[in-house]
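So, here come the structures, one by one.
In the two complexes that follow, chain A is the common piece, with chain B as its partner first and chain C second.
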Partner chain A sequence: MSVRRFALALAAPVCAFTFSIGVSSLVLMAFGTNPIDAWSEMLSYGTRLETFVETGNRATPLYLAGIAVAIGFRMNLFNIGVEGQYVLAALLAASAGAAVDLPPVLHVALIIAVAMTVGSAFAGVAGYLKVSRGVHEVISTIMLNAVALAAVGFLLRNWLLDESDTTLNMMTPEIPASGQFPHLNSLVETFTREITRGRELWGFLLVAVFVGVLFHVFLNRTRVGFDLRATGLNPFAAEASGADPSTNIVRAMLLSGAVAGLIGLPEVLGDAHKYDLGFARGLGFTGIAVALVGRNHPGGIAIAALLFGWLDSSAPILDVVGDAPREIVSILQGVVVLSAVVAYEVVNRIRRVSEARDAAVAVRLPLETSTGNTA
Partner chain B sequence: MTTGSATPAAVELAGITKRFPGVVANDRVDLRVAEGEIHAVVGENGAGKSTLMKILYGMQTADEGRMLVSGNEVQFSSPSEAIDAGIGMVHQHFMLADQLTVLENVVLGAEPTRRGVIDYDSARRHLDELGISYGLDLHPNDFVESLEVGERQRVEIIKVLYRGAKVLILDEPTSVLVPQEVEKLFGNLRELKARGHTIIFIDHKLEEVLAIADTITVLRQGRTVATMASDQVTAAELAELMVGSELPKPSTEPRVADQHVTLSLRSATVTGDDGRPALEAVDLEIHRGEILGVAGVEGNGQGELIEAILGLRHFAGGELFLDGESITHWPVRHRREAGLGYVPEDRQRRGLLLDAPLWENVVLGHQTQPPYARGQWLDRSSARAAAGTILSDFDVRAPGVETSARALSGGNQQKLIIGREMAARPRMLIAAHPTRGIDVGAQAAVWDELREARREGMAVLLVSADLEELIGLADRLVVMLRGRITAELDPTNTSPRLLGSHMTGASVDDQGGVG
Partner chain C sequence: MELLRSSTVLRWMLAALGVVVVLSVLQELARPETIDLVSVGTAESTLRRAVPILLAGLGGIWAERAGVVNIGLEGMMVLGTWFGAWGALEFGPWWGIAIGIAGGAAGGLLHAVATVGFGVDHIVSGVAVNIVAPALARFLSGEVFSGRSGGGITQSPRVDSVGHFDLPFLSGGELLGWRTPDMLGWTADQNWLLASDIAAVLSGITSSLSWATLLALSLVPVSVFILWRTPFGLQIRASGEHPVAADSLGVSVYRMKFTAVVVSGALAGFGGAFIAIEQTGVYREGQVQGRGFIGLATVIFGNWQPVGAFLGSLLFGFADALQLRDRTAVHALLLLAGVALAGLALRALLKRRHGSAVLLASSSAAVLWWYAVTDEVAGELPPITPHVVTLLVLVFATSRLRMPAANGLRYRRGQE
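Our next item is the complex of A and B:
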């Protein structure tokens, strides 16, 4: 039974990925490229240590974005506003980090706290609008994204700009060393070889892992998490069970926003040490795809984030070698999302049917054998 | 398989088999309905009646078997094909658009047009003709939302006739009606029969079946058990055929209620979804160890009463006390922690997380209390253990506590809900239609649990549409009509008929007039 369940759970992503490779191969062939050449280029480039480091760095913010979106999804809330929440949080956290001088650990903690607070508060606006005015969170978060991006432009230009900078790149002042996050190169190198090309594996990866564990524990082991999950599964039954809908909506939005606030920090704390115009955008939207492929499950989101991160970091070789445009990877990612959603639904139906059959069998069995499966 | 008789049967089903995952809903069912008769198909819940009718109406396709309509073999892949063959169906749950008029509802999907515009004049003429000739009095311009249940049903019947149906399938048409309306419906059906229509009538109320049907076919566990003329069988014999043994009835027990008032409502007023008062100045007391039955045609404030007691709906006026303490403004969670148990009317909507495992469903509603919680944490292992105990104590047939609630049959889902509420030992148990849509075995189990609750000193509020259940179980009965308590009755000297007349407000004799 559990073996079958596990095999089913595995079948969906494997089928989705295989199908996506197939579709992308057809696209490549339509452009006159040999797909086998392109994939093998990517595979050989993508399995180098430096690419793995890059994969980790790309997967970390994607993972956080996926978790932020998943917190909303688990409650049937569609937080499209992760994008605006994290960009605004990154700007304000970077500025706050540059404005103060604190001992090392405290300094980083302050930056993280600022980022989470900003993200949380900004998402909370959408939550408040939903419970007090009935504004659908998709509408409000989309509009709040525009507000956030406009606010970022305004704040950066007028108030938070680094006055001493002489380049044309608008940026905040640099965060002092005490507010930077150490990289993990030495840790990785004890198991492998030296990491070359100046690549550094951002230490924020560990924070992301911690957030994932926390997400899992919160949802599955706490009363508040149970309320949240129950509301997502059936808001009417949850309400009758005593889970107040409004409280849970606001709670989920605040939590989602808090995690969203962390998305920009791997880059701010680990690499750039400031917010500038080159700051990565769009992670909030990719996070939606990552959460979908990862089934809103912390483990699944990790696999999805790593997959997306790996594809992103090994795609550039296609341009260099000239086999295929690197955009083929975007097509691949898109097809993965679509086919994963379809595959999960198919697996879900198969599971339902098989469960219904087991339950029908149990009706005819004596009770002793039918209730043995506990703990 | 056409029989040798001169006129072919209006409908003949032969060897119909329909399998669902894990269940055979219809197992080589035969049904022969002669032209111009009222043919009842009876059987308990889950006997396969509805599935058979859905197959006949093209909503589902049979895995095996043949269908003949007036001697011609047919195969329907959609209801519209069945309609074309002259078969119409009146569903148990009406499928009407509340915001449209009677006329618009009737023509919906079959609109007569003239030069591309809906020809309401000819539609109205046609509707009037139908109404007059069948004695179905309806006003074409009334909005459906303003109609009573019985009138809505007549709209459904006209709708089917308008589409030219010769064979009408009625799926448990009396389940939503009070006795007086049932008689009116039967008058309509006899009129239809007199004009040559064939009627297939699904029901499980035996007196009704014997009163209206010419021929009766009994289904049990997906099989045809017998077909006979209605004047050659008694209710007791039918019951035996249906369940394989005698029908259970709720039986009363001596009263154990004492003077202590567990729950009381004082001049409670509650606003409904439409902004009008759904509950007006209701006074109610439920004693320890007592089952208070609430009778009433659905939609007369019973739902709002329960929601207000549970905290899902605010009081516009009045007060609610639990053991003397005012809980009028408490949130749902406090009330549940204080000992309010709830068996909802719609168990899948209000009572279960269908895609969650059974043990989580057992936790639902009690997630802040032991053994399911320890401080802020969920105690998963003792929750699983407690769920396992509930499965065996309350005879919930399931492979295990990890099975999702969706996989269970209605009866087992209901036993699970009753089990989890009883296991929490509430002071006050609210049970809304606790036996609706579940099989006879589960029904008896639910009755036993309600009596057990009373024995243990719980106060029980029982809202039900099953009048025999109310009379059999309740210590006291109140009748709700248009948001008020209009009568209080002693179940030991009341009958379903008397109750029915109170429910419609038709007769208020010397027993009524308390509210």
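Our next item is the complex of A and C:
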């Protein structure tokens, strides 16, 4: 029984991925390129150490974004506003980090705290509006996204700009060395005995792993996490057992926003050391995709984030070799998301039907033996 | 008075006149600092910018009236921009519109298959559509537009628009080869108090009117007629209000939802094609700029009614037009917003809703103070007016909104 359940759970993502590869191959063929060449080129480039380092760097923010979205999803709350929350948080955290001078560890801690507070507060607005005025969080977070991005533009232009900068690239002042996060290259080199050729593996990866573990423990080992999951599975039963829905909604939004605040930090702390116009946007939306593919499970999200990160970092070779345009990878990712959610839905239904059948069999079993006795 | 009560059209016309009068007064107050609050150009630009939002809003209404939330409008509009530009490039502008509509409808079909066919959560599917669509557009641009002159991976070559016309007599259009006098344009130039302003607005609406705009505007009454005056529309709305009851009466709920979502995508695709062909004359990556979401906002703003969505799109189109033409005019609008908020606060007080009254009064004071201490509004503000207004409407008027009862709920035939 459990083997079958496991097989079913595994079947969905495997089917979705195979299907997506098939669809993207068809698209490539339709435009006259050989898909086998493209995929094998990506595989050979994608298995180099530099690509793995790049994958880690790209997967780190995606993982955090996935977790942020998943916290909401786990209780049927859609935090579409992760996008706005993390960009605003990154800007304010970078500015705060540049404005103060503190001893090394404390400095980083302060930046992280600012980012989490900003993200949390901004997400909290949507939670509060839902609880107090019944505004659906999907609509409010979409609207607040626009507000956040406008606020970022306004604040950067008017108040937080680096005065000493003479280039036209608008940026905040640089965070001093004490507020920068160490990279993990020495670790990589110890394990692989290879040098990483100018690329650095961001140390924030460890924070992301820690957040994932925390998410797992929180969901499965704490009362609050249990209430959250229960509310997602059956709000009425959860309320009857003493989980106040309003408190849970606000709590989930605050937590989700706090994690969302971290998304921009790998870049701010590990690489750019400031917020500028080139700051990565759109991670919040990709985070939704990662959470969906990863089924809102900390392990699943990790696999999804690594997959998306790997696809992103090994795609550029396609342009170099000229086998296929790298944009095929975006199509692949999009189709993965769509087919994964459909596959999960189908598997869910199969499971429900088979559970109902098993239950029916289990109930009928003694009945049949009793009729057999009388005959 | 009796006539006023009986004729909806007359009532709307009077309301529109009221808006123009208020703006006109404001214009006089703010002169010479501001000149573009009421002008031919602003009116024309407002209408042109309202159309894509209107089409997205109508798309949202069609889907949500059948009970399917369509967050994917944004992605479907992106498909509309790409396929619209491609079609216009290959076969001419009208074909561009048609192919843009088909592209959007394909996005709608995807959403319908996922939500109605497989029972996937509507928001999840919509988000997925929004991820797939830009990826597809970018890929296709790289394949199709890259080699051509002026085209690239983020942009298409320039495309022709469908053409426009001036209304005869009112705005000096041609009638059977004879150039009629431009009565509204002439009046607008006379600097008569009020009359010139009204003429300017009418002239802006009726001169160099795009055929595509006319088509889009006609979809408002068409949608109202189909959804509220035909058996088919009743079946669609029944599927969104109470699908189980509709099913028991023999309505094919799945088919209704499917149809409505595909129509929704087609309307969004039209909106996208309009942006590419009529507004900018080119496909450019990211040019939809969240208009699908603003369309969604007009659905709520307009209480799931096409006319309401139309008004919402005009308001948001006006905000959009003003910020491009005249930034100081936006500043003058702060005064209007402050006064309007004060009026709402007074009304809340009379209705003994003290909490709302205090909130409204303090926000009114804040806006008026803002008006007093600044000379110009930050450029970031006008683009987010739709979002802020929608949030305010949702916060203060939730009790007056009524969405379809089974909107957003998963429906499986034979399961309660």
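Going forward, the second predicted complex is superposed on the first by the 353 of 375 C-alpha atoms of A that agree within 3 Å, B and C clash if a C-alpha of one lies under 4 Å from a C-alpha of the other, contacts with A are read in each partner's own complex, and residues count from 1 in each chain.
Here, a contact is a pair of C-beta atoms (placed from the backbone, for glycine too) under 8 Å apart; a residue touches a chain by one contact, two chains touch by 3 or more.
Note that the coordinates shown come from a computational prediction; the quantities given were computed from them, not determined experimentally.
> Is A:Ala99 touching anything from chain B or chain C once the two structures are fitted on A? First, second, both or neither.
neither
> Does chain B (first) or chain C (second) touch A:Val224, or do both, or does neither?
After superposition on chain A, A:Val224 lies in contact with chain B alone.
> Between chain B (first) and chain C (second), which, if any, makes contact with A:Val213: first, second, both or neither?
neither
> Output check: A:Asn158 vs chain B and chain C. Expected answer is one of first, second, both, neither. What do you get?
second
> In the overlaid three-chain picture, which partner chain does A:Ala362 touch, first (chain B) or second (chain C), both, or neither?
A:Ala362: touches chain B, not chain C.
> Please work out whether A:Ile36 is in contact with chain B alone, chain C alone, both, or neither, and reply first, second, both or neither.
neither
> Touching A:Leu187, do we find chain B (first), chain C (second), both, or neither?
neither
> Touching A:Ser330, do we find chain B (first), chain C (second), both, or neither?
A:Ser330 sits against chain C, while chain B stays out of touch.
> Go through chain A and flag every residue that touches chain B in one model and chain C in the other.
Overlap of chain B and chain C footprints on chain A: empty.
> Which stretch or stretches of chain C touch chain A in the complex?
It is residues 69, 71, 110, 114, 118-121, 123-125, 127-136, 138-139, 142-143, 153, 290, 293, 296-297, 300, 378, 380-381, 383-384, 386-388, 390-391, 394-395, 398 of chain C that touch chain A.
> State the interface residues of chain A toward chain C in the complex, per the touch definition above.
Interface residues on the chain A side: 27, 31, 78, 80, 129, 133-135, 138-140, 142-144, 146-147, 150-151, 153-154, 158, 285-286, 288-289, 292, 325, 327-328, 330-331, 333-335, 337-338, 341-342, 345-346, 349.
> For the complex, give me every residue of chain A touching chain B.
Residues in contact with chain B: 220-227, 229-230, 233-234, 236-244, 352-363, 365, 367, 370-375.
> In their shared complex, at which residues does chain B touch chain A?
Those in contact with chain A are residues 20-23, 310, 312, 331-337, 342, 344, 349-356, 360, 363-368, 373, 376-378, 380-381, 384-385, 387-388, 391-392, 395, 397-404, 406-409, 412.
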